[in-house]
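Chain IDs A, B, C, D, E, F, G and H follow the sequence of writing; residue 1 opens each chain.
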Amino acid sequence: SHTDIDYSRLERTGCPEVIYGAGKTPDQIEEIARSLLAAGQNVLATRLSGEALDYLNRAFPAADMHPEARLMRIAPNPVPRTAGFVGIVSAGTSDQYVAEEAALTAEFLGSRVVRYRDCGVAGLHRLVSHLDSIRQATALVAVAGMEGALPSVLAGLVKAPVIAVPTSVGYGANFRGVTTLLAMMNSCANGVSVVNIDNGFGAGFNAHLINSLASRPS
Amino acid sequence: SHTDIDYSRLERTGCPEVIYGAGKTPDQIEEIARSLLAAGQNVLATRLSGEALDYLNRAFPAADMHPEARLMRIAPNPVPRTAGFVGIVSAGTSDQYVAEEAALTAEFLGSRVVRYRDCGVAGLHRLVSHLDSIRQATALVAVAGMEGALPSVLAGLVKAPVIAVPTSVGYGANFRGVTTLLAMMNSCANGVSVVNIDNGFGAGFNAHLINSLASRPS
Amino acid sequence: SHTDIDYSRLERTGCPEVIYGAGKTPDQIEEIARSLLAAGQNVLATRLSGEALDYLNRAFPAADMHPEARLMRIAPNPVPRTAGFVGIVSAGTSDQYVAEEAALTAEFLGSRVVRYRDCGVAGLHRLVSHLDSIRQATALVAVAGMEGALPSVLAGLVKAPVIAVPTSVGYGANFRGVTTLLAMMNSCANGVSVVNIDNGFGAGFNAHLINSLASRPS
Amino acid sequence: SHTDIDYSRLERTGCPEVIYGAGKTPDQIEEIARSLLAAGQNVLATRLSGEALDYLNRAFPAADMHPEARLMRIAPNPVPRTAGFVGIVSAGTSDQYVAEEAALTAEFLGSRVVRYRDCGVAGLHRLVSHLDSIRQATALVAVAGMEGALPSVLAGLVKAPVIAVPTSVGYGANFRGVTTLLAMMNSCANGVSVVNIDNGFGAGFNAHLINSLASRPS
Amino acid sequence: SHTDIDYSRLERTGCPEVIYGAGKTPDQIEEIARSLLAAGQNVLATRLSGEALDYLNRAFPAADMHPEARLMRIAPNPVPRTAGFVGIVSAGTSDQYVAEEAALTAEFLGSRVVRYRDCGVAGLHRLVSHLDSIRQATALVAVAGMEGALPSVLAGLVKAPVIAVPTSVGYGANFRGVTTLLAMMNSCANGVSVVNIDNGFGAGFNAHLINSLASRPS
Amino acid sequence: SHTDIDYSRLERTGCPEVIYGAGKTPDQIEEIARSLLAAGQNVLATRLSGEALDYLNRAFPAADMHPEARLMRIAPNPVPRTAGFVGIVSAGTSDQYVAEEAALTAEFLGSRVVRYRDCGVAGLHRLVSHLDSIRQATALVAVAGMEGALPSVLAGLVKAPVIAVPTSVGYGANFRGVTTLLAMMNSCANGVSVVNIDNGFGAGFNAHLINSLASRPS
Amino acid sequence: SHTDIDYSRLERTGCPEVIYGAGKTPDQIEEIARSLLAAGQNVLATRLSGEALDYLNRAFPAADMHPEARLMRIAPNPVPRTAGFVGIVSAGTSDQYVAEEAALTAEFLGSRVVRYRDCGVAGLHRLVSHLDSIRQATALVAVAGMEGALPSVLAGLVKAPVIAVPTSVGYGANFRGVTTLLAMMNSCANGVSVVNIDNGFGAGFNAHLINSLASRPS
Amino acid sequence: SHTDIDYSRLERTGCPEVIYGAGKTPDQIEEIARSLLAAGQNVLATRLSGEALDYLNRAFPAADMHPEARLMRIAPNPVPRTAGFVGIVSAGTSDQYVAEEAALTAEFLGSRVVRYRDCGVAGLHRLVSHLDSIRQATALVAVAGMEGALPSVLAGLVKAPVIAVPTSVGYGANFRGVTTLLAMMNSCANGVSVVNIDNGFGAGFNAHLINSLASRPS
């Protein structure tokens, strides 16, 4: 095999190696997935092409396929569920792919997740109407494109840490999410940190880490 | 005199030539101001250094000096006051210089002005508490630095057009207001247009143009 | 339905939610349009692909289809026409898609519109020949690519506010309209504000807002 | 007073408003600090100039001054100390100002803090020699300039979430920390999120939020 | 002497080596100037600091000092004057330093020069009023800051080639002339080429080259 | 017809309107070409797609088609040939499309043209071997991609003005010619001015303007 | 033939001209290859499309084809093998194309090569496990995408010079390798120099130059 | 002491830790220097301010001070001299500070060094006149600002590897050396690798590494 898999990552960092599907052929992904399963680890594969989703669906009948988030989960080993939950707040329809990647990642790792959609700041009443529930979350993910104002507005209203995910939704001077990322880095509200453009996986991962900490004895 | 003043601008565009003080010596500014006064026009000079403010204060006893906005107004000719008003909504303390430049410009041109300060999106209740009054404005100016979310939030709550002014308030990945400007160009709310970084003058000018239109018989 | 439509936007901001077609499937657009119609609102859908235009043309026999501007309007509810008009001044042939998006948006919202084409600054006589008419407009939209000089030249000749729209027409150091946008932000003329690259919709919206203000009793 | 202080922030977000000293005069800072104290809140003021540090030192004899981090703390109200601790890992001497801002912020908010200095990746043995201790931290802050590799290396070795802070230490193609920030956004390791350049305050705040969650009953 | 002067440049390229004063001490400049004079060549030194201007004024009583353009000329050898002339068209007061650098350079090399000031595009009538004279020029230099529209407007009205010089006059999204340079590179008019920001010397040099060609027998 | 052709451009600027083919359909190009021919003008159309080249070849049997430069010329009116010539110096094979656009444009306008290929600076002997001939040119065009060093090296060896054309040949940190353009703007040699990336047309136009000046009585 | 091949390059620089396949047709590549072979030189062609690989495979039965690195080698002339070796250290699977381009180039020129794969810094143990072997290399190439930390970590552990190659592997704020390149330019470790994004060829070339120097008598 | 010095670097990487003086106080530098001396290592300190140079000159009577390169060397331990030499080729007077930093660094580490000044590409004869000597160098450093063409021209003429150092010499669209750096990354010549802007230290270090390899038995 060509790839030198980092099996000890699970022990070292608390999470198995996750397969980043972009730029890998379906059979390369299959091979890595089989190695991880053989090593007794659960499998998460993200950024899968339509072709890879089809191929892997046939290759792994037990897999849990999510075309809307372009990912696959195979979890033979049960993972204990957290008491607290991660809230995934997203701005618009076009941000759903990224929001789902975050949600499904956090669930894969063991977090309970609640989703809050269509909370864009151009119609604040929608965010406000969910606020009582949102304030129960242990950790929050805020997913937005364009001017990326959602994390600032959200963090000003809650106590939980907010992981901001800029999406590449926008056009013109948006530069495929770069404007959004920069705006989020400049948030005037406290309690916001940022991951890469469209990096729903990273946001879900961080939010789960935080959420799982709240469940362990300190 | 070295400068070829555009006296016909008042007739052509409805506004006299305004003196942009940056990069001009105090006596150059004085000379241009005297020419405009001699031609029967009112004088507005912006971006004045401390030194220029002192010099001009002595040179023109009748002038109305505004160090907090670095500008000077001399208005021997009365200007009719508009029925409607321009609302100037700003986010934080550091945005005040720009907000005042906008306010004093709009007033110079004939608009009534109402100021709404400390309306940053990290504490939404402050903006919301002013909303009934803000909704009476004919035209709005939104002044903010950092992530520049204020115009989006504001425009989603009102009917009036919003002129957004990014300020150079911020640090790191703010790039002296460039991030703010780009975020504002990507506003997800309708009814927002944008002027240059720290361009309070331009925002006040545009808001006055709109406000004065609402007062003329259509 | 997956989308949480902002029905109260019409009341809150004076304009119904407009469907941004980019990145939506034809049937998603159909579904949102039907919801808006069912809620008694008029429908404007922009950025439609060729496929979406065909599909929606069949789905809504009463729709007013505009392939040249990639948009669709369905307006069962009559909108009162403004007394004044919006002037849409554009530079070249390649700017027409954006200019038409602006024009059709302003008309959809109730404005009368007059179009002035091929007014690029490399042949000033063309702009100058329309000047008497242009000076009658209540609000102006200036659409240009490349060096984006049109709004500056135009604003120096008229009293009305000018909404500048940079287009992505150009090559090399144009960066798909970014150079044009930046040039427009730096306009040396007064009365210019700017919307995002290719954002004809936003320009038409702002120009209509201003134009409609001039018709209401102040 | 000119400033509309957000007193309810403590209740809403779990943290009082913090005074950002850059661009404020010493007496403006004093005034805000006195208002917060009068409202029964603790005071943290960051980014203080040398002049402001001197002035405030005289104005508030009870204040805890930190010139090496350019901040001041006044904490009449005791804050319960967390069981777990925040680890602040920094790369080089020049990163100390930012690292200390993070450490002192986290302590102000109630976290225990341990500092790990001179852990730059050009001499890995220094980081490795602290690893047993670092692995006990509930949350980690990684402070580095130049190529910003520290968060990636660190996150690959630990389970705790890592808040990365790019510093403006570097020259040439470093662009005052922008290269560092971008590198950190692209970290190949899991469990990293990023705050603005030199934003030690934000990193300390986020790390404390996470650390305090681990102490509350879930 | 530390510098290896390129004495053959005059023969090779038709022009002596010109002293770029920025970053050189007054006595380094004096030394190079003396070497050139000793080699029988005329001397042009640009970008001189105030201190260098004073020093060189004393060192070379025969020198022709131009503080307004920060340059010095010493021309013991007569240069034949061209029949045609170079026209230097500039937009505003703040562009004068650069325009004069261009004018004085072209004169130094032998061109007759005519200056047209305050021709900014926000008041077109000023450019138009000079058009009959401008059309007599063999080569044109267009100097402008901000949106840099002047070369486009000018080139659309004349037959002569236009050398465009962006200046660093502007603020905010002007980026010290970068926006202006990019706009000029995108000129929609024919017959425009561009030199570096504030490079009056280069523009005067190119315009003279062209002007002198028109005087030689073809 | 939709397009408002600028027929007076020939008289005003000495050159007919040239058809920029990018983004125009073949029949739009045909229509403009027929209008120009009907007005007694010669036709140059650039940036033609393969499809447009085929279509126009059939539509205009008298046309002179140049697929290697993607342009078409139709010249029923004889143009007097210049005495001097334009030299087109190019660096590599991949720059040929742009170099030919320059050469064919200059010829269309009346210039004699000589081409010098494969003169890239990594093998200086090739440029040097042509130097005697190159030094006879009245005006030079230098076409290069990547680091764009050719214009500097060339201008240091000749008396004629050099129009530099950056090409989009390169990869990685070349940014489709932006690095090349910026390098050329910073040329340390005198007598260089620059046109947009891949703008062979503009370079040929400028070089012809200069070349034709040298032929007219001054 | 259209191309003026630089046959003397081998003698001048120690290496024959190498064919850069991007943007050349298969038969252009064949023609240049045949000319080089006819001149008695070995042939290396890089950046070959799939189509070119197939075509050249048929055209040159003796060629050594490497689709995984998109290159072809034809080496009728034996090249002496170096005593020392070049180590090619790469971070992840997606960097293999570039790493192989470097390895095969260095071999083509005469170097022995050892490859070290999957040495990304998120799992340091993998790099560390190869360290004894890596420390034997005369010159090192470090190939990485994303945050580009590998060269810094590597150079801190070894004595040999490290040629860093940023790859375009990444997304979002990676900008196709620009972030990686900038990070590598800012390496805090000594002994690192950098080549263009994805420029495996350049890295292999430089590493071979260094490696071959170590074999010659000094 | 606050700093954790990397004493094992000499053994690990073949070179002692070098003191980067920027941002350190004179007494911090003195302290680190004394520690290194006490540990039996030679001392090189770079980027020293005028104040630090004076202070250290007094503190270390045995030091070898180089104000023209802003560095200090203290070398109680003799270093064996290499047989081959490093050639430092620089373009202009303003590049001397960086060129000297490279030269003195390479000498400090044990290399013989030959300097070639004023070799800018605008006057090629100067570079060419040194070519016989330059071709004897084992490794070359090319130092240039502005368009950065020197490394390309040089590498096309020699067999030795070329370490290119962009300098921040330039103005306007030079961006303090960024254009130069990008141009050098795009060199069309083989055998060039690049270090950070103004990083003479890094270039001298790399060139010495290579030069010393050529002296060891392979």
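Note that in this section contacts are C-beta pairs under 8 Å (C-beta built on N, C-alpha and C of every residue); 3 or more make two chains touch, one makes a residue touch a chain.
Since this is a predicted model, take the numbers as computed values, not measurements.
In summary, the interface at E-F recurs among the listed pairs A-D, C-E or A-B; the equivalent pair, sharing over half of its contacts by residue number, is A-D.
Chain E and chain H have CA centres that are 36 Å apart. Put simply, the C-alpha centre of chain A and that of chain E have 57 angstrom between them. For chain G, residues touching at least two other chains, in rising order: 9, 12, 122-123, 155-157, 172-174, 181, 185-186, 189-190, 196. All chain pairs that touch, listed by label, are A-B, A-C, A-D, A-G, B-C, B-D, B-E, C-E, C-F, D-G, D-H, E-F, E-H, F-G, F-H, G-H. Those residues of chain H that touch chain D in the shared complex are 2-4, 6, 8-9, 12, 22-24, 28, 166, 168, 177-178, 181, 196-199.
Within the complex formed with chain D, the residues of chain A that make contact are 9, 12-15, 18, 82-84, 138-139, 155-161, 163, 181, 185-186, 189-196, 202-203, 205-206, 209-210, 213-216, 218. Considering their complex, residues 93-94, 96, 117-118, 122-123, 125-126, 169, 171-174 of chain H touch chain E. Put simply, chain C touches chain E in their complex at residues 91-92, 120-124, 146-149, 152-153, 155-157, 170, 172-175, 179-180, 182-190.
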